[in-house]
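Take a look at the structures listed below.
In the two complexes that follow, chain A is the common piece, with chain B as its partner first and chain C second.
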Partner chain A sequence: MTIHTLSDVSFGEQLPTFTPDTGLLNVKKFAVAAGWDAPRFTDHAAARDQGLPGAVIPGIMSQGFLSAMIHHWAPTADVKKVDTVFRAPCIVDEIYNVEGVVTDIDEETGEIEIDLTITNQAGETRVFGTAKVLLSQ
Partner chain B sequence: MPTADQALDVAALRDQFLNVVFDSYELTLSADRLVAYATSCGETAAKFTDPQHADFQAPPTIGSSFQPKQRFPKGFPTFHGLGMDAGKAVAPDKPMRAGVPILVQTHMHDIYTKTGRSGRMIFFVNRMTFSDEAGILLGSADTSIVIREKPQT
Partner chain C sequence: MILDLHAHSVKSDDGRAKVQNYCQWIKARNIGIDGFVLTEHRQFDDQSNYDDLAEKHGLTILKGSEVETEYGHVLIFGVTPALQQAFDFTNIHLPLAEVISACEQHGAVAVPCHPGRKRVGMAAHLETFGVPEGVEIVEVFNGGSRGDEDKIAQQLAEDQQYMGIGGSDAHIVSHIGRCATEFPVDIFSQQDLVCALKTKKFKAIKLAVEA
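For the complex of A and B:
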């Protein structure tokens, strides 16, 4: 169900899971656009030389995935804050699930709080945080 | 200033460094860059992906990608070992548009400690603010760095 107004939202509602494109080409496209075009983000071998398990997805791209997930669910949502903790690296070319749960609804201000997670295929939470979004009432 | 082997006087650091802008520059975002940023993150709404859209704007988290030219104020203590990224928060307030100059300023917003079984951890929070030519705040982004203090012998 696509969300348009605050009255469409239920407490505890799970947002549809988003599986973003974490392929090397897409991450490189992001890294160039962000000005973060370092080898540890765009080259598996170079990242391994730095002691990483492979090229890593920039944390700021993870924030972008979370915002996109919110907009897929509620296209008119106005994202007012995304607060994230990068618990462990997300690796390029691996599959991640981007998920959210509505944890608070302020009927007066129209503000919704959403708990956010990014998990890998082993079920490990790699990124977590919260978002605050505004919806029309 | 203390060396890294001395316990830091956090209160003195707060007095000296909090809320003083130590980095400032101007940038302008291109439409191509905004589209690439948004589409690579998976945004599909036209206001983020189509430069011809009447409300075309930067995706809300783009402020996190801006980086200060210097990470800490001049005269700030240096530390042995690696500081760890403890998190990022971005709070867009008004849309950023392609071709519009944006003033990016960074100050140290907070310094605080947490003490656990492994010793004292010191957190530094840099806040970057974004404003337009009229001085209207467009948003902010916080970057937290944590450093584990060496145990005193």
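For the complex of A and C:
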């Protein structure tokens, strides 16, 4: 269901899970576009040489995935804030689930809060946070 | 009674959950806990009073703390004004022996949390500092654990004959109640909780949480 107004939303509502393209080519494109074309993001061997488990997905790309999930669900939503805590790196070429769930609704202001998580295939939370989103009333 | 003994609210620097939303979530999703303890990082939250929220939702809401020692992070239950004077909760290099001693003196309980975690867990520091004296309970189920962190915690507890508790380590609303501790008695206050922990009749549990 596509969300347009506050009345479409209920507390505890799960946003459709999003499995983003974390392939090396896609990450490379993003890194170049963002001006962050560093080997730690685009080269597994070079990243391992730096002590990382592999090339890592840039944090701002993860935040982009989270925002994209919100806009897939509510295309007209005004995403006011995406606030993330990075607990562990997300590795390029690995599969992640990007998830969101509505945890607060302010009927007066039209603002909702969404819990955000990025989890790996083992179910481990790599990134968590919240988004504040304004919907028309 | 089942309590999630490890949760953070917006009072913690990395906490993003409002306490009223924890309550709302537990009820809306029928999470199988009877309450939770707010263990804010490096502080005891003197200002907040959750009695009305607790009553409204029929939950036990208690406050503790999570402090930082050379052995990693440690939960404290039963914080009193006197205990707050005994050491600096904001110090990230607290000696664990000092924390345990102060807790014993002031009727509180210290519990190393996520002991299987790198850097901030107790097991990672045993080789350097040895097995600390005075630890009786560790957190064996932590909702934020990755890889084999819980297994390491359980092995540590088995090797050292520690009791184990469980806590979600929730920082966002939807993570509350992933792990918890089951007690055979009712707990409505910090004192009740300290008594229950000292009697050592409890068990750590993992709860199945619906998506």
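Keep in mind that, in the parts below, the second predicted complex is superposed on the first by the 137 of 137 C-alpha atoms of A that agree within 3 Å, B and C clash if a C-alpha of one lies under 4 Å from a C-alpha of the other, contacts with A are read in each partner's own complex, and residues count from 1 in each chain.
Convention: contacts are C-beta pairs under 8 Å (C-beta built on N, C-alpha and C of every residue); 3 or more make two chains touch, one makes a residue touch a chain.
Given the structure is predicted, the values throughout are model-derived calculations rather than measurements.
Per the definitions stated earlier, placing chain B and chain C onto a shared chain A by superposition produces a clash between them. Once the two complexes are overlaid on the shared chain, A:H72 sits against chain B while remaining clear of chain C.
In the superposition on chain A, A:N97 makes contact with neither chain B nor chain C.
Legend: residue contacts after superposition of the two complexes on their common chain; A:A34 is shown touching chain B, with no touch to chain C. Once the two structures are superposed, chain B and chain C can be ranked by residues of chain A touched, with B on top.
In the superposition on chain A, A:D115 contacts chain C only, with no contact to chain B.
Shared-chain residue A:D83: touches chain B and chain C both.
In the superposed three-chain arrangement, chain C is struck by just one stretch of chain B from 59-67, 113-121 or 131-139, namely 113-121. Common to the chain B-facing and chain C-facing surfaces of chain A are residues 83, 85, 129. Remark: chain C residues 14, 16-18, 21, 24-25, 28-29, 144-147, 171-175, 211 touch chain A in the complex. Residues 11-12, 14, 83, 85, 87-88, 101, 103-104, 113, 115-117, 122, 124-125, 128-130 of chain A are the ones that touch chain C when the two sit in their complex.
By the touch criterion stated above, chain A contacts chain B in their complex at residues 18, 20-21, 26-27, 29-30, 32-36, 59-61, 63-69, 71-72, 75, 79-86, 129. The touching residues of chain B, when paired with chain A in their complex, are 33-34, 36-45, 48, 59-62, 64-65, 67, 85-93.
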